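First chain A sits with chain B, and in the next complex the same chain sits with chain C.
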Partner chain A sequence: MSENRPIHCGDGKDDPAGATPGGKKLTRREILSAGLRGAGLLGAAGLAGMAGSSSAAGDVVWQLDPYKCIQCGNCATYCVLTPSAVRCVHAFDVCAYCKPCFGFFDMVSAKPDAGAENQLCPVGAITRTYVTDVYYQYTIDESLCIGCGKCVKGCATFGNGSLFLQIRHDLCVNCNHCAIAAACPTGAFRRVSRKNPYILKTKDHAT
Partner chain B sequence: MNRRLLTIAMILCFGAAAYAVERFPPPDLPAGYQKPVVPNLPPRSEAMQWLDAALLAGAICLSAWLSIRLRSRAGLIVLTAACVAYFGFYRKGCVCPVGSVQNVAAALADPTYAVPAAVALFFCLPLILTLLFGRTFCGAVCPLGAIQELVLVRPIKVPAWLEHSLGLLPWVYLILAALLAATDVTFIICQYDPFVAFFRRSGNNLMMIVSFCWLAISLFVSRGYCRFFCPYGALLRIFSRISWKRVAITPSICVKCRLCADACPYGAIRPPDDAKLSDLVLARRRLIAMIVLLPMLVFAGAWACSLLREPLARLNGIVELSEQIRREDAGLASVRTAASEIYRASGRSVSDLHAQARAIRGKFTARFSIASMPVELRLEVLAGGLAGLVFGLKLAQMSVRRRREDWAPDPARCFSCGRCFKYCPVLPDGKVQELLE
Partner chain C sequence: MSKFTAAMIILVVVLAAGGGFYALYRQDSTGKTGSGLGPQYKTDFDQYRKFDPQLLLFSRANMFPAGLGNVAGIAVGEEDRIYVAGDRAIRIFTPDGRLFDQFATQDVPQCIAVGSDAKLYVGMKDHVEVRDPWQGKWLAWGRLDDKARITAVAVGRKDVFAADTGNRLVCRYDIHGKLLGRFGKEDKAANVPGLTVYSTRLDVAIAPDGLLRVNNPGLLRVEARGFDGSLEGYWGLSSQDAIKKFGREIDGFCGCCNPGDIAVMPDGWQVTAEKGLPRVKLYDETGMFAGVVAGPDEFDVQTPWLDVAADSKGRVLVLDPVRKAVLVYVRRPPQTQTAPAHGGTTTRTNGK
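Let's turn to the complex of A and B:
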């Protein structure tokens, strides 16, 4: 096998069968190949080490910043999951418990009663419950929510902005590059620490 | 009451920014009222990612053991199915080593970009193990390759010229993906992932169509994605060329029956080449010509790609939106797009958007200093030069001719699938199996 070695060797390829003749002296090609192999090993490990060293702070997941969100509706359509892993969350501390909730009612319709035709939510995921004569509680059924942000827009435009969108991490598959992040027109999506994976609206922020 | 609240709302909302405003004071809720608590469930634990990386390394080593030592095609099929089930359907095809190339490219361009440790491992483990055992990762572990391996029903033969020309596509794709990731434009490999929508059985229309097409193609073109598209495969190809161990078709000697070549659906088994001295001299002359041609190809690639800066930047959603709004404001666009309407209605300033787009365009120029000398490097020109270099090296490689005695797999193209083992009539003791019937 090896007496028929080619005259020239320049491409660093080893014998395809990989059968090094036992006890034979190493050929030039084999030495070259081993050298390249070592360089490749170092290169791959070094590249990964360089890339990975910046993540020493800890692991990250995707989240959307509700203060940058403009409710464009991309969250509902661009997520690789159907329905989207983005759902509406209600910050009860920020909510004013409005009787005519602008996140709940479709204000185009004349009658503010809780009939389905008067609701803004296309899937009926918001439940309106009586608290007092002037205050009503709005609860989101996350299992129904599709993350379209219609209620969020209503609440942000006319109310306190207590309804907001969040990636739900029990649903999110944490894609290498979030498909919604790529489509988000305001760059509201960013990587956050896995230990603190939500950007929630709280009383202090509502200024 | 209703009307009063509505009036207050109207008064308050005009002139105020459309978000993050507390317009109404917190209500006096009755004493017995309990505010509901919304649970915020944590993501999948970090330890599971380490488990994934360990499973990946284990599966590649197992694949190497099955293909190099045990020579068991059946074992490889079982491993292939297991990897499709775990890395594909259970882990939903993400993170995969193919896409991790982009994270590494992004991290090299921007040192503040955090690559999760698991992604860094997913990037380097298959590369290192391919240096040791050949493309055993592609053979049975990669869920994208594994699914193609399993659905192949009737492979069609791809002519050699087409195989060689299409074989350049992975390089183009790799360079393009690295450029777009480094400039923060998009992660194109993930955007056009061939099977991830199938693994998740959901996804946007584009991904579903892409998945469906690739599934249909893989019924007849054996591993079409791996051979003619996979950007990570391009790296694995060179690494596999110099691997320490690799698959051998025959357990002892080759009897040149060429049964293995007929069995290989990837056309990866090369016939013996008894090149005469005159052939070798001719080949060497052609090689020299190609090497002379190399700088010209590099320059041509760099020049061609220098024209692509703007079209490539436009692949980014923010840049595209900013351009659209600019066109609309200049009266060049007759209709406003939905995205532009939404952005304008959001109350955010247009100049803010233009600034973001400028920042992304700016990333195409890398600024660093060598020995306190400021250097400006246009990344698209670098990418074009690299593409030209790859073309030139491919031409040079094709003009290299070597004597080969036996039928043997091309280490760059062999996926270590093990189909050839079954067809090789040679027994481990060197005797030839009697062919029945």
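Let's turn to the complex of A and C:
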């Protein structure tokens, strides 16, 4: 059988001699080719649909972009949880281990000692540990932190910005409409993959 | 349509529009509406951005774009030409901000200095490259270690100094690029603390008194050092100490690590640039606070650093990495300039 033999489609009344509306006759090869293309498109659409449905099924979680955060304090009060699921975290490789850390000390009352009256954190969630004469390590006690961002502002303003806020996913209930995201003045909240749920600062961003 | 229906439609439209306007009004695009937290949970640095306007000694006379995607350093050369390094290029401007010349560099420049022989000394990440203007050729000096990060270069008649922020040291070279030594480490025997660099800026300049000026940002001071690195004196104090001593924060250096950059005027007065509260200030040759060149309101809040230079006419040139521009400040006329600032910072020697 010749492959170029015309194929009759339909009843032949609207398309006499099996021709397309443009008048061109379809060959068996063209039909097969068109069929394969259609199947390919259907497959691609199916994959896209599966990907979309799996996202909608909860493979994303809310996270706060530390580079957009302006430390307004809304994270502490707008979360449905009390205290908030947003806590301060510390990137040690970004930290300069400053002796006069203004994420730890109040700018005006900074004294050489770490007495409570000199500390910036209103809940005493930062621990200062001696390293050398001019270097100190700062550790966040996340069980005390309320996510007010006061230390984050001090560190971002005067230091390297190693302190920053993140949603802790061991606490977050992942609301569909995150109340903090709605209240965030800079749109710093976005959905990220559950497999990679944190937006961490890196050494490259030290100032 | 009945009158009642029309009235209801109008009422609904008016209510919807009112609700929309109220929602827009309530929208907090700056974060200043309030989170409901008490004042003890907030930090207000805005109060430190303000200063007595009578302390402002300079006004901005010009601002021109550097024409670079990323700017890194500024210097003044012969005929007060302004050299800006950034991207992979050096751009040279006339004193009034017109482009005079430009050429490419093979590496990414971090800082720049101009010798009296018009040679360019460009600090790359881990080495210095020299460009002879007559031959137009680049000569790369030996590389430092992987940790090195050169952020400033200063050129004398026979010596070249490179501030290595990564190693917290200043390297001394001869004019041909031979490494003569390094200094900046703590010397416990002489009771001299090392250069403490928490942040990413270490600067060096040569003053008319024949000494170097090196910022020691972690100790919030500027040091006068001999070419061999010997500490001859230092000045500077923290904002907290300035408040206690003079009742005024601006006399001191704010935050953990300032000043980030320094420049020396032809008369030996010193210009400092700070981060955190981005501002440029003027101190006399002994370190007494003289006044403000540019206050924090001149710059974006997020400005990470400012590089400064001074020309032969006493103009202060500021390289702003946010605007990617050069800002030119000139002394205000005496009638608008107020009395010099009282008090100032301390000038001490190390007791040698």
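Heads up, the rule we're going with is that the second predicted complex is superposed on the first by the 145 of 207 C-alpha atoms of A that agree within 3 Å, B and C clash if a C-alpha of one lies under 4 Å from a C-alpha of the other, contacts with A are read in each partner's own complex, and residues count from 1 in each chain.
In this section, a contact is a pair of C-beta atoms (placed from the backbone, for glycine too) under 8 Å apart; a residue touches a chain by one contact, two chains touch by 3 or more.
The shown structure was predicted, so the numbers you read here are calculated from the model rather than taken from an experiment.
Within the superposed three-chain model, A:134 lies in touch with chain B and with chain C [touch as defined at top].
Greater residue coverage of chain A by touch, when chain B is weighed against chain C, goes to B.
Of the two partner chains, chain C is the only one that A:154 touches; chain B does not reach it.
Of the two partner chains placed around the shared chain by superposition, chain B and chain C are both touched by A:77. When both complexes are overlaid on chain A, the residue A:122 reaches chain C alone and has no touch with chain B. Shared-chain residue A:67: touches chain B; no touch with chain C. Looking at the shared chain after the overlay, A:96 reaches both chain B and chain C. In the superposition on chain A, the residues of chain A contacted by chain B and by chain C overlap at 70-73, 77-78, 96-100, 102, 134, 157-160, 183, 185-186, 206-207. Taken in their complex, chain B has these residues touching chain A: 1-2, 5-6, 9-10, 13, 18-27, 29-30, 33, 35-36, 38, 40-44, 46, 49, 92, 94-96, 99-100, 102-104, 107-108, 111-121, 123-124, 127-128, 131, 186-187, 190-191, 196-197, 200, 202-204, 207, 238-239, 241-246, 248-249, 270, 275, 277, 280, 284, 287, 317-318, 321, 339, 342-343, 345-348, 353, 356, 397, 400, 402-406, 408-411. Within the complex, the chain A residues that touch chain C are 70-78, 96-102, 107-111, 120, 122, 134, 146, 148, 150, 153-154, 157-160, 183, 185-186, 206-207. Remark: chain C residues 28-37, 40-43, 45, 48, 193, 196, 198-200, 218, 238-240, 243, 254-257, 275-277, 304-305 touch chain A in the complex. Those residues of chain A that touch chain B in the complex are listed here as 1, 4-19, 33, 36-37, 40-41, 44-45, 47-52, 54-55, 57, 59-61, 67, 69-73, 77-78, 80-82, 89-94, 96-100, 102, 112, 131-132, 134-135, 137, 139-140, 156-161, 166, 168-170, 172-177, 179, 182-187, 191, 194, 197-198, 200, 203, 205-207.
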